[in-house]
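Below you'll find the structures, each written out as C-alpha cells.
Two complexes are shown next, each including chain A; its partner changes from chain B in the first to chain C in the second.
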Partner chain A sequence: MIKTALLILTTSALLVGGQAVHADPARDKIIADLARAAGTTLSAQRGQAFFTGTHSGGKPDSPSCSTCHTKDMRKPGATRVGKPIDPMAVSVTRDRFTDPEKVAKWFKRNCNSVLGRECTATEQGDILTWLSSL
Partner chain B sequence: MSQHSIQQPKTLVWDIAVRVFHWALVGAVLLAFVTADLFGATWLTYHIWAGASAAGLVVARLIWGVTGSTYARLASFVTGPRETLRHLRDLVTGRAPRHLGHNPLGGWMILGLIAVVLGLAASGVAQLGGIFKTGPLGFAVSYATGEQLSELHEVFANLLLILIGLHIIGALFESWRTRENLPLAMVTGKKERRNGDHQVSQAKAMPWLAALLVATALGGAIWGARQLTARPAFGAAVAVLDPTYAAECSECHQAFNPSLMTAANWVLLMQALPDHFGEDASFDDQKQKQLTDWLVQNAADTADTKASHRLRATDPATPYTLTKTRFWTSKHRDIADETFKRAPIFSRSNCSACHSDAESGQFFPPNATLPNEAK
Partner chain C sequence: MKTITTIVTSAALGLIFAGPLAAQKAGEALTKEECSACHLAYQAYFLPKRSWQAIMADLPNHFGEDASLPDADRAEIEAFLAAGAADRQGRNPRWLQAISQDVVPMRISELSWFTHEHGNRVKNRVAKDPAIGSISNCAACHKGAERGHYDDD
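Let's look at the complex of A and B:
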C-alpha cells in the first residue's frame, strides 16, 4: 500500500518537477546556505552514518538520532512519550526542511540531546542532503 | 394464606402510581448505591442519573401526596407528635389499631425517606458542581465547599441506608403484627378491609391535575438545570489553549492544561527546558517569555478545579513531575506498569490516552477509559 503510494507520489513528482526528485526552493536554499557555511561538498553518505550512528556526550536516553527517528527514514518515528514523528524522508513528508526556523530549532535541541553540543554546518548539511535524497 | 384473609374482602389501598413510585425508587436508589460503592468513579454518570431519577420520583410522589387517592395522600398518614406517641404507646401495650394505609410511624418514615433522598440529590448536585465544575451548580460552588458537601452526601447516604433498614424491619414487623403480607400489598396494591381499621377521610384522585403539576415541576426543574448548567463554571481552567503553546508543546507530547501546575512550578519547568525530562526542549528568548507568561497567567493558582488543587502538591525534589504526586500515584495505583508502556499509551505522562477531557483540565471520571491495545 505505502510502497504503491510512494511510487505514485515519486512518479508524479518527477512528471511535474521534471528535474531533481524532491526539489523545493526553500529547502534548496537551506541546504545551499549550510554548504556555504561548511565550505565543503556535502555528502549524503556521511549524513546517513552520522544520523544512524551512536554518539556520546548527550543525554543518556538519546544516544542516536535513530533513537527517536528509527533507521528507516520512510517510516514514522516516535517521541519518548510515544507521540508519532512524521517520517524524515522528504519523499514521504513533503514539507520537511522548508522552514529555516524550524530546522534551526530542532537541530539545536536534538544535537544537544544526542551529542551534548550543537552540530556543525557540515553535519547539518550532510544530514539534510541525505534526507532530501530519500 | 390464612383462613382469615380468604373471608375478608380485599380493597385497593396502594394505587398504581404509589406502587410504581415505590418500586421505581427502590430501583433508582439501588442503582445509585451500586454505582457509587461498587463500580467506582467512571460510573459517575449512571450514579448521577440514578440520583436525579430518585429526586424526580420523590417530587412526583409529593405532588401525588396532595392529588392522589385516599391512602396516597400525605394527609392520610402524616400525624402530629401526640398521635404518633399514642400509636407507639398502643403498640407497646398491644392495643394499636390496624391502619389500612401507613400507620403514624410508617408515615414519618415516608417523610424521612423523602427528605433524605432530596438531601442526597441537593448535596450531590452541589458536590458535582464544586468538585467537577459541571451540572447546575458548577457556576456557584467552590472546590473546598464541594469536598465538604461530599462528606455530607455520604452522611445522607448512610442515613438513607439506616432508614431503609428500619423501613424494611417496620414493614416485616407490621406484617407479623397484623398477619398480612405488606410487601406483597405494595405489589398488588390490595389489602383486607377489617373491622376496627383506623378510619381516614376518603379522597378522590386527580390524575390529570397530578400529571400537569408533575410535568410542570419536572419540566421546570430540567429547564432551570439546563440554564444554570450553561453558565460559566466557577474557577474553570482556561478553556482554549494558546495556539503557540499548543503547537510547540504538542510536537513531543500532549499540551497539558496550565491549570494542572502552579505558576512557580511552571517557571521552574520553563527554566529547565534545556534538560526537559532528559531532552533539550529549549526555546529562543522571545518564545520562552511568551510561553512562560501565558502559563503563569493560567496556572493552578488561577483555577478551582479538582486537578488544579490535588496535583498542586508536587514533591519538592521533582517539582514539575505530576505523575509523582501522591494524588496521581494513588489514583493510578491499580494500573500496571506494562499498561502504561503499551500502545497507544506509551507513557504515564500521556493523560489524554485515557482521559478524553485531559486538555481541558477537567478530568471528569466518566471520561476516563483504558484504551484497547493498538496494533
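Let's look at the complex of A and C:
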C-alpha cells in the first residue's frame, strides 16, 4: 500500500513538467510508464521541438514527424500516399495514445523512418506529454 | 433418409470449410486494418504471389518507410495476399501477361498495363493536384477502390 502510494507520488512528480490536460487512465499510465523509464521530468516543450524538428539518419522521404503529421497538431495530417491521418492533439482525437501496443508499434516504425533508430523513453514521453497538453 | 444424409454431409463440409474460411476472414480483416492504416489495402489480385512475398519480406523498408509488424501478423497477411494473388491457381490476368516470370514487380503502378491504362493525362492530373498526392492514391479518383471497383473513370 505504501509502496503503491510512493509509486504514484513519484510518477506524479515526474509528470509535473507537463501534466496531461485531457486525463485518461490508459493514456496516463502510458505516460507514467515512460516517465519512470526516462527517469527524468518530461517536457512538452522538448517534445514539440523534437516532433517538429528536422532529423537525419532516417529515410530520405521522412526527415521529420511533421512531414506527415504537419506542425498543427489540431489539423489532420496525410500519409505519403495522401491518406488522411487523424489529428495528433488529444483534445481533437480523444482516443489517441490509449492503447499501449499501438503507441509502441507506431513509435517503433515512425522513429525508425524519421531517425533511423528507436526513440528513447524520454523522447516518447516528451512527445506524448506535449500532444496530451493540446 | 436423404435429408439426414444432406444434413450429415453439410455438417461435415461445414467442419472442413469452417477452419480455412474463418482463417481467411481473419486474414482479410487484419490485412485491411494494417495496410489501410497508411494506404488503400490494394487488392491481392493486382500482383503475383512472388511480389507479395517480396513486399512482406521487407516491411522495415516499405517504399521509404518502416512498416514493420509482429511476425505472426506479417505471416498471416502474407498468406492472405498469396492466396488471392494475381497468379493464384494458375491464373494469368491481362495485367500480368507482359511480366516475365523472373521479374518481381514491386508496385502495381509500375505494371505496363497500369501505365497504359492511366497514361500521361492521369500522371499530369496527379502532379497538379496536391490533394491526390500520389498515383498510389487510387481512391482519389476511383471512389469504389476499397471495394475493388475501378471502372468508374
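For the reader, a short list of remarks on this structure follows.
Assume the second predicted complex is superposed on the first by the 113 of 134 C-alpha atoms of A that agree within 3 Å, B and C clash if a C-alpha of one lies under 4 Å from a C-alpha of the other, contacts with A are read in each partner's own complex, and residues count from 1 in each chain.
The working rule: a residue touches a chain if its C-beta (ideal position, glycine included) is under 8 Å from a C-beta of that chain, and two chains touch if they have at least 3 such contacts.
It should be emphasised that the depicted structure is a prediction, and the values quoted were computed from it without experimental measurement.
Once the two complexes are laid over each other on the shared chain, residue contacts for A:82 go to chain B and to chain C alike.
Shared-chain residue A:62: touches chain B and chain C both. By the touch criterion defined above, A:109 lies against chain B and chain C together after alignment on the C-alpha atoms of chain A.
Once the two complexes are overlaid on chain A, the chain A residues touched by chain B in the first and by chain C in the second are 59-62, 78-83, 108-110, 112-113. Residues of chain B touching chain A in their complex: 250-254, 274-275, 277-284, 343-347, 349-350.
Across the complex, chain B is touched by residues 59-62, 78-83, 105, 108-110, 112-113 of chain A.
Residues of chain A touching chain C in their complex: 59-62, 78-83, 108-110, 112-113. Contacts from chain C toward chain A in the complex involve residues 36, 38-40, 60-61, 63-68, 131-134, 136-137, 140.
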